[in-house]
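Worksheet: the structure to be examined is printed underneath.
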Amino acid sequence: MTHATLERGINALREQIDAPVAAFFNSCVNCGICAEACLFYTESGNPVYTPIHKLEPMRRLWEQEYTLVGRIRKMLGLSKAITDEELREWEELVYDGCSLCGRCSMVCPVGNDITYMLRKMREGMAASGNAPEGLIGATTRAVKLGSPMGVKVVALQAQAKHVKNDTGLEIPFDKEGADYMVLLSSMEIINYPEYLAAIARILDQAGKSWTVSTEAFEATNAGIQIGVSDIARELVSRVVAAAEKLKVKTIVSPECGHAYTAIRWEGPNLIGRPFAFKVRHIVEVLDELRKEGLLKTEGLEEDHLTFHDPCQLVRRGGVVDQPRNLLKMVSQNFSEMEDCGQMNWCCGAGGGVSANERADELRSKAFLRKKSQLDKLNVDTIVTACANCRIQLEEGLEEHEMEIPVVGLTEMIADHLVVKEQSEGGT
Amino acid sequence: MKTECGSSCSTARFEVDSPSTMTGNGIALLYEITHALERYAESGEATAIDLQRVPLSDQESDWMAGMLGKGEINATLHSMGRTTIEETGTSGVWRIAHYDESEVLLGAFIEVTNCPELLCTPAEDIREGAERLKRRLKEISEEVKQ
Amino acid sequence: MSKDDSLVDVLQRSGVSRRGFLKFCALTASAMALSPAMVPRIAAALEQARRPSVIWMSFQECTGCTESLTRSHSATIENLIFNAISLDYHHTLQAASGEAAEAAREAAMEENWGKYLLVVDGSIPVGNPGFSTIAGISNKDMLLETARGAAAIVAVGTCSAYGGLPHAAPNPTGAVSVADLVTDKPIVNVPGCPPIPVVISGVLTHYLTFGEIPELDELGRPMAFYGQNIHDRCYRRPFYERGQFAETFDDEGAKKGWCLFKLGCKGPVTYNACATVKWNQGTSFPIESGHGCLGCSEPDFWDMGGFYEALSTPLPGFNEAIAYGTAAGAVAGLASGVLASRVKKRAKDQHQTVSVDDLEKGESS
Amino acid sequence: MTSAEFLMFARGPMIQVAGFVFALGLLVRLVEILMLGRSENLAEKRGSGFQGGLRTIISRFFPADQNTFKRSAVTVVAGYVFHVGLFFIIFFLTPHIALFKHLVGFSWPALSTPIIDFLTVLALIAMVVLLWRRLTHPLLKFLSTGEDFIAWTVTFLPLLTGYMSYHHLLLPYNWLLGFHIASVALFLVVFPFTKLMHTFTFFLARWYIGSMAGEKGVRQ
């Protein structure tokens, strides 16, 4: 049996460094603007959370091994080698103090994609044994049990039964040739079972065929969060295998930000070939249905609403207008948050932070940013499209005794569906 | 006033509108003259400015002459060539131009004073004048006696 | 005319009145580039001034400096000044020749030992003494010998001041300046190729008037004449400020009298009085007649890059340096890149698949 | 050494060596980056990476986000003034254009000198403000390394000596021009070995981030 070592970590970093990383490190002038976009810095005031600083060991490795000047400097003893102690010190910055939200990458004047580099940095951290216990646990469960929260297929089947009882709709498991293969996140199965019912009702109304694979229903990918491509590949491969087996046209990523990034953008690159099917976020699917006129709603929300943009959707995924198009169908009193859309502030729990108990205190401090945004708005309900954001919002609001319900966008749409007349049933 | 020699000038003339041929020294000079006038009025301190130390374009010299105007006094000194001493229209500002025997301009000055020293008679000359006159009168009286 | 005559005596004998003397003083001040406020001091000094003996020697030169001086424009004033000095020896101007000339030099030196003013034009070859000799004496020997008894030395022209054209690379004769050989005497450099005549006479007048050399800059030039650069006093300066430049010698800009910087004018690094004193009886100076300043009063002006290359361009060789650097950089970069690719490839080859069981750190070793 | 000798040395051997080192270092670093390569993106694209790359090269000249801008206003404003000033000073002062013409064979119109002079004053002030920020602001104090101060110094010196040359401050023009060229030589030599390299690599950085975002359909 093997285990994590410094050498494996450094080797992983060597593999990760590419032309963009070199261009980024070459370009940084320590202006500090990335820090001003990072909620871990703005809320803590501690300069160690400056995004580019979180990459310092990797920057040195790049310089020492991939540049002429760095090699000379190293030979002259002017730059010190990376040590285990240093990486251990950086662990807190790289995992607890970064939600991979991507705000820093949006504001960097020279155009450094710091988030892209931090994702790579985690490869070295994990391989050298410097990943947080909480994330290692979640990753282990994801690989061994099929879900980071340990949710097994029986639990899902139990939820399906509830849906059947509540709505009369059957959850189609393992149906070959379906239009959509719906993925779920454990959080939705455990905390928000309404989501599954909402999907069932919407797709039923739209007349689309869909399915859930009993072999691969989990959408989240702990391998990406902890930063181990080998594990991430294994988890993606399960989904790809199921989709290919069932010959579905489109995989639908659930209301989860990083799950979308994992399957939509990293998936094909992890397995080394393009997908034969499409991957869409549920919000994208809903908006496509709306465009096709297959999404019929009635009635408008009375509540004053706002929408919390999940980072991975807006900044790392390009899904900005879709949720707004959908909200327009069902709301009459909608306000945007300050910095909404591409520059929206992270809830503070993404990128594996929520799975890392050690980060709880920092995470709750980071939430103060969201709180101050919400304080300015005075809304009745918050809508979002990511279960992870939703949990963090609920926990944070409870901690500050703010009684604002948080609702998933899909559920809200489902609540306003035009009820099908009996005669039309069964296409 | 022209500080350049008259007909022998072969300075390249440029087909340009006047503002662009201004070096900016003309206006600076006028300010300097104004300050010198004020100083003279206050403390009686005279000022002389050597125009050869200040580069001016021809157009600028003409422009300055126009700004200062023409005055009432115009004197010529004949010693080692001609020297013209004239008060400009701006009282207290004098223009002095020295020429040699072949009418070549040797130097040009602006003096700010109530009367340039060159116009005043040197004290020794006055004494000598008195001596000479006395001597002449003595000669005449001796002639009369004879 | 006795050697003990003062200048005032000379003037009075010429029938100059007191007003004439005042005029003379004003013009002398102007010639020395001194303020008109100095006139009373000049008058007082001139009343005391005695005729100094002057020895003028020419070495590696073209006689342009003497030409310049003898064409000095004012018949009256300069004549008066030169009447007031005793030019006892001048290679070019003296009537005597051969042994008589050398005898005159030796006599003047002996008679005025320690008091005479030595004027030198031309550079001195130190490579081979035979490159330039006078009466069988090498320039260097003659200079050193004559300098020993001089009160002060005036180096007229860029050759004697800085080596000038003979000194230009590769300097075949090993030409040097007066100051390179004589270090124990006050030396006034009056550079220019040639120097402005009234500057030469102005410096002589200064010595004659005050009996000492004027205030000098770091290059040994009188501050009064070389204190400001051509560019700062140039009447075309406003065009420079506005960014209006002649691009060629016959374009619209040239016709309109725009700045000649781009055509290689060295005005910004040239210190001389041309722009104010001017040449040819105060008619004009090179820039006024449409040609950029060559910088002739500066050391090594021959080697300061092309006369028609803008001052801000580097000397020849810069473009080549960039080209070689680029080529060398491409090669070195490729080599470094290959090295980096090897490191990366080795890392990939050594990759051990990370499983969930590998996430805990092993025993620290 | 007289001022003229110094000026000749600066215009000659000194700037030649500096130009050689600069070109060599620049090429090494650019080739090093490009040769590292990057893997092809296999995910289904939502937009054009090419367009995204080009767009980001332009769009990052402007602040992406008003609120981040406000939080780092001093850095951003002083940074703009300094960079814009430096750009116009380097590329639109007549003597500099003459230099580029010597190098590349063609030229372009210049800005009038008083404008450049004004920009120089602004740039100098902005640089002093940036230095002061670096020395006093807790975040920047934490981030700054010796290299930041070296880069600041070698950038500040040519600006200062250039300004002094133009105004003939303190020393004769020859010395000042010589120092100006010498300071540029120092800048050129230091350039490829420090973060001054961002002058060139920011194009690459923006291109990479922009093309990756473009393929995902993220607007930048």
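The first chain written gets the first letter, and so on, giving A, B, C and D; residue counts start at 1 in each chain.
In this text, contacts are C-beta pairs under 8 Å (C-beta built on N, C-alpha and C of every residue); 3 or more make two chains touch, one makes a residue touch a chain.
Please read these numbers as outputs of a predicted model, since none were measured by experiment.
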Chain ID, smallest distance between chain and overall C-alpha centroids: D
Rounded Å distance, chain A centre to chain D centre (Cα mean): 38
Distance between the centres, which are taken as Cα means, of chain B and chain A, whole angstrom: 91
Approximate Å spacing (C-alpha centroids) for the pair chain B, chain D: 57
Numbers and ranges of chain D residues touching at least 2 other chains: 25, 28-29, 32, 34-36
In chain C, residues with contacts to at least two other chains: 332-333, 336, 340, 344
Touching pairs - complete list by chain label: A-C, A-D, B-C, C-D
Chain D contact footprint on chain A (complex, rising order): 17-24, 26-33, 35-37, 41-42, 47-48, 50, 52-53, 66-69, 103, 105-113, 116, 264-269, 272-275, 278-279, 314-318, 320, 338-339, 342-343
Touch list for chain D against partner chain A, complex: 25, 28-29, 32-39, 41-44, 46-47, 56-57, 60, 63-65, 67-68, 71-72, 75-76, 79, 137-145, 148, 151, 192-193, 195, 197-198, 201-202, 204-210, 212-213, 216-220
Residue ranges of chain B in contact with chain C within the complex: 4-5, 8-12, 14-16, 20-24, 48-50, 52-57, 77, 79-81, 83, 96, 98, 100-102, 104-107, 109, 111, 117-118, 122, 124-125
Touching residues (chain side chain A, partner chain C) in the complex: 1-5, 8, 11-12, 14-15, 17, 65-68, 71, 84, 126-131, 136, 139-140, 143-144, 226, 228, 230-231
Chain D partner contacts - residues on chain C that touch it in the complex: 217-219, 229, 231-232, 240-243, 245, 261-262, 268-269, 271, 298-300, 303-305, 309-315, 317-326, 328-330, 332-334, 336-338, 340-341, 344
